[in-house]
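Both complexes shown next keep chain A, but they swap its partner, so chain B is in the first and chain C is in the second.
For the complex of A and B:
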């Protein structure tokens, strides 16, 4: 085995398939997209090199800022909702005294395995302004807060769509946090118990601080999912009313597939990739920098 | 678990993976063999030897053809057309590939790669790229030499045949289809509301229905085209081309006549003509409200008549469409009343520039298109043929509303088009989004300002 490890030819041969596959399905499309972002290109003809023309146009485009704002709203709500409620749910089922915790664990995870189309249709019914669950609840409670949830041009629509995504993926974050919490050695809790700490204090002082690395991963997932959001808008609002629920991903498909401006679409895609990379780098730089070992 | 057991399991899994990959590889090889469509052509397109009447130089020739050929409604007219064409060109055989319902994405890729079928159905949005890349045959001279030109309807010749460069690149077979404003007489009757004949009466009707909790028009405004049809019902009174005139820059939204039409629309929306949540309502949801007899009116295409007959059953007599859209002030009902929202789209059968015997191919494209248009009437009961159907009988029984539509059609003028087919794509996309904002409650003044801005930004 030692001889094998020291043989660079053998190592290269074994690594080559993975490198080639990665190059074909990740590196090549990325580089190709980057190159095409410098062209005025309709996806069919050769295109014309315009340097940073697409990027300059992008930063002057009002729709870019609407999309960017919506991406951040989406990311923020996903983060608060999924990490907040995900933590509460994970800690609830972590507690051995919780009644029916196995059932709860499965129930929390069910939305994750449902198709996004099914989930969106379910919520479309609940958001229906005439006979939807939410407005009916307000009516029953005598509260005059009936909303046209998905047809509002204010931020109501994007928040309404984000809630659906938050609800659906919450179980996934819960599973990550739960798995992280389960790996914390029992003796920390025993020590806390001996010191007379309450459950709340134990979680605040032990569980949550020791989950810093898990939270970092969850945060990266949440923010990138928010910035890349597409499917829920496509099914529920088609980006509307008008462009009020557009995100950068939606703007990219609009440019590439509806306007045949593939070059501009590539520039949006590059901006999106850079945005996600930047956010990931910032999170890695400032959160949970020290690796915890138990 | 011991290390040996783990190793054994890993080895077995690896072998299974290799076998699976090998299986996938062999499937791919099979898939690269000629497609089923071409190896097993339908009966009508099966290779037939040239008849004895064919001239000696008429060598057998096989062309590839890509048209809508997936459902029975599509296959029957196509088979009929090919059988009729065989009588004219017995030496010509077609290998049919069904066209995908993918908004033309596959065709776009084939234009880019220069891999077009000999004959294919092209949509208007692909003309520019096909012409720029020199992928399609110019059919202008073939058309000029053809007898078929005397059989095409005048509206199709005027609006669908020649592209913006004055040349003919495709022969259209689907003529102008209109978007009627359907209404349910019983809903009006039961609620004591007068069927409107002009704008003030329509506004009164909307208010009356709203007071009773009834939606006047359920609209599926998640898509922009039905809002575009609603827009044109008003805008065409100001300009016969409606939103197409806006797209072409022939009129501005702020011009008094157009601004007045937009003002009326905004007023009706504010009064509650549409259901709440209209911009997130899909086709089925909105349409079902009318088909279940819950709402007063519906904007939809001609194609919905057949479904209405099924859904309303014995009550279909309660359903009709407006002969004149109630969208003008009283006393001005006749102004531009024959102009209808709908589509007289370009596109149709085009020919690849790489086709064998281009001269013959041009003649065949024209004859084939004529037969497809007529086949749609004979076998599918469609009434939007671009060619005369005189002397032909439809095998499909026509509902009363279709008969009325057929009788009225000669007086209808369709000079506009649907929102997604506006030739200026940038304007079309932006305008669709602005229409949604109008339905969501944007004021007429803001809408006009934004349309003027969009028009200036997207001027071609």
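For the complex of A and C:
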């Protein structure tokens, strides 16, 4: 009766396309990255084994530390901006009395579905020192605060770049938090209501602690997005001015595809993964170790 | 106390609507400047509604610059990717959830590893591989990786769905003389339709907007998709903002329409995606 499920031919037909595609495109290059990080490799020949040579060079490279710093700035701003605003927005919109809540939700989410190129080009035009929206606004308000947003060597440029990403995906974090908060059963709030707690107290004591799992996901998402940032630099600054907006992924692609140092690029990729794994492990360890149950 | 609560809620309300403007005004600004000429954008009317609607900018974006071709490329790549993503992951998930074979658990876990691997980690060897097997700069150079990258997530979603379907349905179909392929095609597939919608939306958004792979793997103009294609005219156009804006508006329309029509389903598909990856 049940033997129709034990059918090797059908199983192969069902399983092989996915497994073969995945092995060729994901698993094989992954192993290749790991191996080649120990090689001096130009992407054409087999390369020469140099042990930890790429890594020791990387740890002496100033650019690595600039990139690392920028990754963390990116991650920090994303986290503060998106989780902070996202929480306030999600919880306010959750309140049935808020006027126009569905309109607001849709409006906050729209930038999420746009392509990163459109968003970056749009912000490039807004940041334009002569004709951009921001400087025009300051002019209109009579404030003489004109800025060349993306050309400063200090942290201003990386912050300006990060704001673009923060603006684009705030709605995404909000949607995550909103979905999480909506699934909290009503009865958790009844006792609080009887005790006369304010909305603010209720959220601080009940909603936010119950959302620990959701916050963990949001946090991992923000930090990984920050550490892996690439498209914004590629489109808006090309890592510049100078090397002040480099990130690890940007450095990796430049090493491989501009300088033909494929092995060095692989070493950067390996460092990047280890970093993301480490952060994810730390977050998993410290947040939501035990599920809260009331 | 009551007054305090009220003024606080007014404060919150105005904050929400201010952010509403921050969220949407840049897009409105884009729409406006796509209908203006440089003179108007730069000097006479940078912020407001266009004085003359210069639809000619859109004609220019379509006729002189390759926007139509990038659009076509994006469409071909997205549709082909989605077809293969759905086919491969539905078949795999069905076999993993319902058939009996050795190494089932191990194979399933192996495929799910994909959830934890960021694209950029494998970018370098992938680019070399694509060059070596001679499909760099073709549609397949994007379709094959997009399929591979979306398999893990889609299989996970479908697996969950297949597991909830009662075994009796398959068994009675088998008793009626259906073979395994017919059971899969005619009985199981219709039952997982909601999951197909979720996966399709998720895959469509991620493929349509994908940037790093498209940038590295496609260098010739003829095969560029919208995200990289748009990039190539910012240089040509740095002097002419109107047509550039028009091109950006045109390329964003499908996603915005999709979101406005499907709304909650889009949000759900995207948030399920990250909840899984976290």
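To be clear about the criterion, the second predicted complex is superposed on the first by the 263 of 294 C-alpha atoms of A that agree within 3 Å, B and C clash if a C-alpha of one lies under 4 Å from a C-alpha of the other, contacts with A are read in each partner's own complex, and residues count from 1 in each chain.
Definition applied: a contact is a pair of C-beta atoms (placed from the backbone, for glycine too) under 8 Å apart; a residue touches a chain by one contact, two chains touch by 3 or more.
Given the structure is predicted, the values throughout are model-derived calculations rather than measurements.
Novice: May I ask you to decide whether A:236 touches chain B, chain C, both, or neither, giving the answer as first, second, both or neither?
Specialist: So A:236 only meets chain B here.
Novice: Which partner does A:122 contact after superposing on A: first (chain B), second (chain C), both, neither?
Specialist: second
Novice: In the superposed model, which partner reaches more residues of chain A, chain B or chain C?
Specialist: Of the two chains, more chain A residues are contacted by C.
Novice: Where does A:130 make contact in the superposed view: on chain B (first), on chain C (second), on both, or on neither?
Specialist: A:130 sits against chain B and chain C alike.
Novice: Quick check on the superposed pair: does A:251 touch chain B, chain C, both, or neither? Answer first, second, both or neither.
Specialist: neither
Novice: Looking at A:151, would you say it contacts chain B, chain C, both, or neither? Reply first, second, both or neither.
Specialist: first
Novice: Return first, second, both or neither, reflecting whether A:42 touches chain B, chain C, both chains, or no partner chain.
Specialist: first
Novice: Does chain B (first) or chain C (second) touch A:269, or do both, or does neither?
Specialist: Touch partner of A:269: chain C, not chain B.
Novice: Between chain B and chain C, whom does A:181 touch in the aligned arrangement: first, second, both, or neither?
Specialist: neither
Novice: Looking at chain A, which of its residues have contacts with both chain B and chain C?
Specialist: In the superposed arrangement, which is not itself an observed complex, chain A uses residues 43, 124, 130, 257 for both chain B and chain C.
Novice: Hey, which residues of chain A end up touching chain C in the complex?
Specialist: 1-2, 4-8, 10-11, 13-15, 17-19, 21-22, 24-30, 32-33, 36, 43, 85, 88-89, 92-93, 97-100, 103-104, 106-118, 121-126, 130-131, 133, 136-137, 140, 167, 170-172, 175-176, 179, 198, 216-218, 220-221, 224, 228, 230-231, 234-235, 249, 252-253, 256-257, 262, 265-266, 269-270, 272-273, 276
Novice: Give every residue of chain C touching chain A within the complex, in rising order.
Specialist: Per the touch definition, chain C meets chain A at residues 5, 9, 12-13, 15-17, 19-20, 22-24, 26-27, 29-30, 33, 41-42, 46-47, 87-89, 91-92, 94-96, 98-101, 107, 110-111, 113-114, 117-118, 120-129, 144-145, 147-149, 151-152, 155, 171, 174, 179-181, 184, 205, 208-209, 211-212, 215-216, 226-228, 230-231, 234, 241, 244-245, 248, 251-252, 255-256, 258-260, 263, 266-268, 270-271, 274-275, 277-278.
Novice: Report the residues of chain A in contact with chain B in the complex, numbered from low to high.
Specialist: Touch list, chain A to chain B: 42-45, 124, 127-130, 148-153, 236-243, 254, 257-260.
Novice: Can you tell me which positions in chain B touch chain A when the two form their complex?
Specialist: Those residues of chain B that touch chain A are 105, 108, 111-112, 125, 129, 132-133, 221-223, 275-280, 425-426, 429, 433-434, 436-437, 439-442.
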